[in-house]
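Two complexes, one shared chain (subunit A), two partners (subunit B, subunit C).
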Partner chain A sequence: MRFSIPRYWRERHSHYRLYAKKCSKCGRVNYPPSNICRYCGSTELEDYYLDREKAKIISWTIIYPAPEGFEEQRPRIIALLETLETKTRIIAPLTDILPEEIKEGLIVEPVLRRIKEDREAGLIHYAIAYRPVIGSIGTNKQ
Partner chain B sequence: MIMADKVYIVGVGMTKIGRWYNRSAKDLFYEAMSKAIEDAGGVKPQALVIGNMTSSVLMEQDSLAALLADHSGLRGIPAFKVEAACGSGGAAFYAGYSLVKSGLADIVAVGGVEKLTEGISSETTKALAQAADAEYEVFYGASFTGLNALVARYYMSKYGYTREDMAYWPLRMHEYATSNPYAQLPKKTSLEAIIKSPVVAEPLHLFDCSPIGDGAAAVILVRGEGKAREVSRRIGRDVLVEVRGVALSTDSVDLGSRTDLLTLTSTVDASRQAYRMAGITAKDVDYLEVHDAFHITGYLALEDMGFATKGEAPKLWKEGRFAKGDKPEVNLSGGLKARGHPVGATGIYQIAECVLQLRGEFPGVRASDPTIAVAQNIGGIATYSAITVLGRAR
Partner chain C sequence: MRPETSVGIIGWGSYIPRWRLPLSEIAKLWGFAPETPRGLNVVEKAVAGRDEDAVTMGWEAARNALLRAGIDPKEIGAVWFGTESKPYAVKPSATIIAEALGITPDTMATDLEFACRAGSEALRISIGAVASGLVKYALVIGSDTAQANPGDILEFTASSAATALITGPAREAAAVFEASYTYVTDTPDFWRRAHQPYPLHGEGFTGEPAYFHHIVSAVKGLLEQTGLKVDDFDYAVFHQPNGKYPLAVAKRLGFPKEKVLPGLVTPYIGNSYNSSALIGLSRVLDIAKPGQRILLAPFGSGAGSDAYSIVVTDKIIEKQDKAPRVDDYLNRKYLIDYATYAKFRGIITRIR
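What follows is the complex of A and B.
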């Protein structure tokens, strides 16, 4: 697949740290980051990193026919999450979880994971995925 | 007095939607355009606007509008492509309307064409996913169906619907499509077959989704009642179809930053504007074609265009509302679900179907003598909404 080195270098803050912009006026986090607050129009925004927050699952899906580049990762679990502190909603992959363990409201935490690789160049993409907070799922069975 | 002149649709043409491995976009478009010109008594378009999403990626072809003009006997006329993902057709119509309304051209053709079957399916899945946000959604491996699945699950969970409750949409669409000669899936199905179809992106299964197909459609617009009547006389038609309202709205590309995940805000906005322009309310709509790329988008459209309270559309639908004989009658073509969804052409199919319903000439399930028809075409998950209001005049 086509692989743009400048693009993924440029996007490293998004993918490694969930870089966002927090509005100084209305207080909402703009993610994707924006130079003008999409909720109140203010241009006074400061850098904010969503990887400092845990999140809860709002909705999720298990994708079977994968888009090009993800054929080896089928099925792929993608969720809509809401961070606990700033209530920011993001789309992110879930990891370290079984389909039957996923439920609305489950608390998850960010972790850096391998996302995909460019087969020809051998470059590997890493990005934030979310895993269940330890102790939030599973029981010890005798 | 150009600005006061009304705009009319005097010709429509469509191809049967399918996996046309043996036909190119040029072939498909030529067929649709020729039919539209013939339907309009042989008028020659002075400009061409094309709705298309994926030619760059899947056909490796840009300069699409000039290519199609050249292959339809229209070399030299102004022509350009409009891209608004799955809403490209509706957006192209919006552009074509403004060309003819403004007086830049007197006769304008608006076409839509899409070839989704040129490559392998993971390439098509990737191309369609490009309707979503490249950096914040597609990068993580989200498919377009996957993103719709996030909305569907949230809706079903919030309002307590099962997969079976939702399945009445595809069930009815398949039934209507059986008599539509342009439909990709003209065959009946059953609730059981829908429920048991293979999973695509939980909770969406194959039969909850529109199919992958190729197709082309075209319509011809003229300005002024005199010109429209001249065409009608020439071909012995006593019905005029007037474009009474057009609107186009946008929303975020990414889903996360939306304040309300279960409202197609751009559809709310565009339908209000288009109704106002046409001087109507939702109550006046007799016939409706909505963008049911997935059952969820069909239900949300009914709610967001003013035909059902939020959370109630699947319940009303299951009770038999919006069927043949109700007001409004919805998607008698079979909708995207069963007529098919050749992405950038879909919005033009919907408009062509509305025109034929208003004329009483639709070759499938016919609406009950409608005078106002509305088409809703969206791109992405209503990142774009194009609403077109058509009215019958005699």
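What follows is the complex of A and C.
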């Protein structure tokens, strides 16, 4: 096994639902989750899941060299996003999009995808990726 | 009173991948007659991307069903996942989806297998579970990245899509069940042995003794049981392995084409196996009006068919716009070539 099984299991709510903590004092979302608000120092935080929010693309990078386990997803597109409601900034992969279709400000939404797999017999790792909201990008239909 | 009448559909939703393979690509590569796709009445098939599988597609269909249901996911007491392309041979797909949607841990969850009608069997089981009070809501999913031997006639239609239905108390439902009926026999029309990557089929066996006999028997059983007539239905949705069979079985039963076309999705995306008939129902629910009656008849090889009578309620209107419709996904498409499809579906063998 190349990837840690306990770690994938422990972090499954981060992978599947973008588990975060929302501060009851200042209202900001701490992602990754933290027990002390990194914006105001409050210790009153509640569970929050960022998978309920759409986001917009701030910037992105296209990565051609693929680490082991990612060869079939080459090139990978990783974006800096800001969620629409709580303005939380996150870094996540983009999917269902071609490099030439990406633009700043494009609205994307979270979807569960296969992020990597541990060779042919090991675990499949699922996590949230973002794709353009339905109807926002075109078709190549002649 | 039939047990079905206390149960209805609280939410529904589908998912279709963005990628479409024009069937002319398959005909060209494998040397089929160019008119083969027209003979099947299918133009393109939906292809799941490299990062998609039956779990991820089922997740999105279920998320759409939850949006329409408007319930707390924790209230779901059963997650039943029907597929013949589950990512793990052993390790339930249902628990991954249940965890990712916040339904765990107080729920039943399992995967079901019966070729293309496992999801439909799950639907009938859910009616029993809800009617008995065992669970308040059940999440039923039919999802497949259907496989076909490259160059086999099945490759033209084997496609990818998912549909989810949340069943619950009739008083909250967008559509209520009136009756349901199942007809199964041991028929060798289609199978896949363990460790084999692709299914085989019994050539001439797939039509008459399998598809037509089972669907006609199930629908006739339902009509006899209820006293309903063909004219009582506004829509008829059948399993759709290609674009021709559903129209042919409808004709045989006496349903006019106009009642079948709204729920006929295969001509645009191919046969999505466990989602095949259910995505047809999903598309009909997207546009149905209160008081209308829908016949649903899925089919699975091996073989069996279920027939359901479903009546739409007033609550459907407020739910229709709460999630993307089937047509929104049909319009979201990008045509790919055979090489891209082969890579996406793992047809190219490489050492990993």
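Please note the rule applied: the second predicted complex is superposed on the first by the 135 of 142 C-alpha atoms of A that agree within 3 Å, B and C clash if a C-alpha of one lies under 4 Å from a C-alpha of the other, contacts with A are read in each partner's own complex, and residues count from 1 in each chain.
Everything below uses one rule, namely that contacts are C-beta pairs under 8 Å (C-beta built on N, C-alpha and C of every residue); 3 or more make two chains touch, one makes a residue touch a chain.
Computed from a predicted model, the values in this text were never measured in an experiment.
Student: When the two structures are laid over each other on subunit A, do subunit B and subunit C clash or fit?
Tutor: fit
Student: Scan A:Ile115 for contacts with subunit B and subunit C and give back first, second, both or neither.
Tutor: both
Student: Contact-wise, after the overlay, does A:Pro67 reach subunit B, subunit C, both or neither (first, second, both, neither)?
Tutor: It touches subunit B, and subunit C stays clear.
Student: So after the superposition, what angle do subunit B and subunit C open up at subunit A's Cα centre, nearest 10 degrees?
Tutor: Computed angle, apex subunit A: 150 degrees.
Student: Contact-wise, after the overlay, does A:Ile124 reach subunit B, subunit C, both or neither (first, second, both, neither)?
Tutor: So A:Ile124 only meets subunit C here.
Student: For A:Arg38, decide between first (touching subunit B), second (touching subunit C), both and neither.
Tutor: A:Arg38: touches subunit B, not subunit C.
Student: Could you say whether A:Arg89 touches subunit B, subunit C, both of them, or neither, answering first, second, both or neither?
Tutor: Only subunit B; A:Arg89 stays clear of subunit C.
Student: Touch test for A:Tyr16: subunit B only (first), subunit C only (second), both, or neither?
Tutor: second
Student: More subunit A residues touched by subunit B or by subunit C?
Tutor: Subunit A has more residues touched by B than by the other partner.
Student: Between subunit B and subunit C, what is the tightest CA to CA spacing in Å in the combined model?
Tutor: Minimum over all C-alpha pairs: 12 Å.
Student: Using the superposition on A, tell me which residues of subunit A are in contact with subunit B and, in the other complex, with subunit C.
Tutor: 71, 73, 115
Student: Hey, which residues of subunit C end up touching subunit A in the complex?
Tutor: On the subunit C side, the touching residues are 17-18, 49-53, 55-56, 59-60, 87-88, 96, 99-100, 102, 324, 328-329, 331-335, 343, 352.
Student: So in the complex, the part of subunit A that touches subunit C is made up of which residues?
Tutor: Contact set of subunit A toward subunit C: 12-13, 16-17, 49, 71-73, 95-96, 98, 111-115, 119-120, 124, 126, 129, 134-135, 139-141.
Student: Within their complex, state which residues of subunit B touch subunit A.
Tutor: The contact residues of subunit B facing subunit A are 121-123, 125-126, 129, 133, 135-143, 145-147, 149-151, 153-154, 157, 198-204, 252, 254-259, 261.
Student: Spell out the part of subunit A that touches subunit B in their complex, as residue ranges.
Tutor: 11, 14-15, 30-32, 38-39, 58-71, 73, 76, 78-80, 88-93, 99, 104, 115-116, 125, 127
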